[in-house]
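The structure under discussion appears below in the form of structure tokens.
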């Protein structure tokens, strides 16, 4: 027997012989007869096969090569966040019955996935205050892009407006999607009243990319005056403390759900939260789970409103999406159930107090200042006395992963993020390091 | 399967019943049976114009969407808003409470271009094969 | 004991009680630390929320609730899951351990490149290997899923044609057997969809293609092998025809498992192809995501790839924005956690391992096909690739439909195949066993299908009312769609 036998393939040589005989062919090659010989490949230039032991050793080495925020204080945020993940979350999502199932096409043997998705939708509605939510999108950024496309289809207008303080990467995702549909994207600032009756929507991030609260209530009035839809992109953890977007008139709400019980994973996979007003339910993209009963009156859950989707409406579908990032959404559901009403608020408060403490301490260091006014949640912008790239190199030497270099947006600007994961000791260490590199 | 005699039918399975200078429009018993459980009906607004055999709405069942074609041209005088809450009326009473639109006809000669009951019956018999 | 009570005792209706219903004021599921810094001034009340109506549960409550839910699911690890076109193969367990290592799970996408060289190496190597497997010149790992990969590929084609002064090409050709994402994607990318028929053998109807292929065609999207499990014998001619007209050939790699290691999209004339790592490359389906949908392209299209691509330089790996990039698809680099598992799979298999994969996937499908002959109609008279299309059209005479056969299979302990897809086959049942099932498993599954065929003749009611032993019976989908209940609401009692 060759050493390269694949442990995931059960067929033995005897099995294959018996099966080939039943089919009536002499060899497996005959089954590939339809592939033209010009298109056949004899060998691939791939690295040699590894045993499980070698795989663990080699990939383990690559993992250890990375420097992780667990080993050193980190103050990076900007759309991917470190929050505490209760052990319960990983135990639940590791259940094979959740992890190795697929889209619940057969409801009778998929109630676990379906009911969990219904819980997720319910919790997203409670967090955002909105009427309805879907079962999940790829991530927050693509959820925002889909929300903008949805606004254009509802209003029949072909211009999308984004507030300039929306995450730059999210803006770019919106532009990519808009290019497909041939839609215009205008990036506007809150000071000017650039919103016109040609705009389908204005998208606002709350708190904004720099961590600060926008004047979301007054924005809502001006958006609705033009007949556009109000899209709010929110931080779900912040909703433990701050007003939900339903309170300030949002029509569609999106969020990145990674903060809710899912590790950053170098940026993905994630899950996008997507909620809206009841009246837009048939314009919503993505999977939706509904509650119903069987013939005996037992309550159960099914995929519903599927006529919006690509497998039925094909080129007229609301979107081509056919995933709900179900496992990530499950993690968020378990996270929210575990932390619950008081825990989510507590995490939000911890972030708020620690971020404020860090900002106050940093602003006391000569040469550092906070260029923006107002309330912020867990991120804040600092103007530094030297280029942030240079500063970050020095912080790394001190064993600290600094903030995000945003000097392309603000002169010598660095965006810091502080969550409940950062201890006072870490923050004080950062402050001391920033002070020492200034000399 | 019911095929009332007082109706004209389209090849897309809509029916129209003449009522003075207006026509009431619905889908046939055969059509509702083919679609299965109807869950949603999208209809044009009252006051809008519909055109002969052009798309004017959609009918959704659990796993299919079907375009609705107007069998006559004219102005929409009324639409059956009880279908918002009870789309299943199209299944249970396609020629009665499950009607869709009332349209003021601008060209009654269009009715001549539709099928009579026997012709339509033959059409559905062929479709069944 | 009457039937109703017996049923109640066998299956408590778990669906009737949600976390919100279990909630009791004062319970917590996780302890949190005290605030170790001086508290800051709280913003004014008008910025704060009053109430947050999330459940309050203890940790045991949470664990038991979700464990009970998990037990209502069928999964690959539970049993045979031959869902056609979804490649429900075994998900190697070692990948889960690797992906949870802090060096992969905890790293932040915006860390300085010098601190994430291990992760960038994984991505760079995966890019290269996927390009090699598909016979292409460059790859992006950015797309989050197959459907987003399709959008990426078609946007690349759109941008490339625009720069070539070919913006008038506004049509995308899609075969009638295609998955619904293909036409939906073409529409999202701003194209008009033109459907091309399949012929009686399941290949593209070459005459229909000839007619549809005019100067306005930007590309044709083709799944290979197609959703009937058939390898289009005219593929080289199709590629030539498209190229001769100045159009491109887009490959939907959803069914790569059939030909991996044996034929490459690039060699067959495709210009762009997307892959589904959760299919061919064994990453867990997660109950409906997350997956990943990398896109591989020929050299002239490489500068249009989305950002970022990973580049190797003398100073190590770094992220790069291609000069004509179509932009970003997600906030960061792609679904790294999924990419990592796929890379681990690729490294475990090597070139020969992939040939074993396709050989056994195709062998298993053809064996199932042979065993079902006679009992079910086989609409195409030629050997299948990785999946076999059967039809329950014979069973219709007894009033039994594909849907009923599927439901009855659940009683026999199997996940049903894909039903009613592709749309062009009446009463379709699309069966994809994958290479990770044994002959015993295939035999048991085929025996069940043969038994059901006999039941259809003798006791069709048993089939029509299936499933009989599940936590819930067939659910009322019509009411769910007519009067949607999409979230928990407090009870009015």
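To keep things simple, chains are lettered A, B and C as they appear, and every chain counts its residues starting from 1.
The rule is simple: a residue touches a chain if its C-beta (ideal position, glycine included) is under 8 Å from a C-beta of that chain, and two chains touch if they have at least 3 such contacts.
Please read these numbers as outputs of a predicted model, since none were measured by experiment.
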| item | value |
| --- | --- |
| Graph class of chain-chain contacts, one of line, ring, star, complete, other | complete |
| Chain pair with more C-beta contacts, A-C versus A-B | A-C |
| Per-chain CA centroid nearest to the all-protein CA mean | C |
| Computed distance of Cα centres, subunit C from subunit B, in Å | 38 |
| Geometric centre distance via CA averages, subunit B-subunit A, whole Å | 45 |
| Distance between the centres, which are taken as Cα means, of subunit C and subunit A, whole angstrom | 19 |
| Sites on subunit B at which at least two other chains make contact | 39-40, 60-63 |
| Of all residues in subunit C, the ones touching two or more other chains | 477, 481 |
| Junction residues of subunit A - those touching two or more other chains | 306-307, 312-313, 316 |
| Complex contact set, residues of subunit B against subunit C | 37, 39-40, 60-63, 85-88 |
| Complex contact set, residues of subunit C against subunit B | 420, 477-478, 481-483 |
| Subunit B partner contacts - residues on subunit A that touch it in the complex | 282, 306-307, 312-313, 316 |
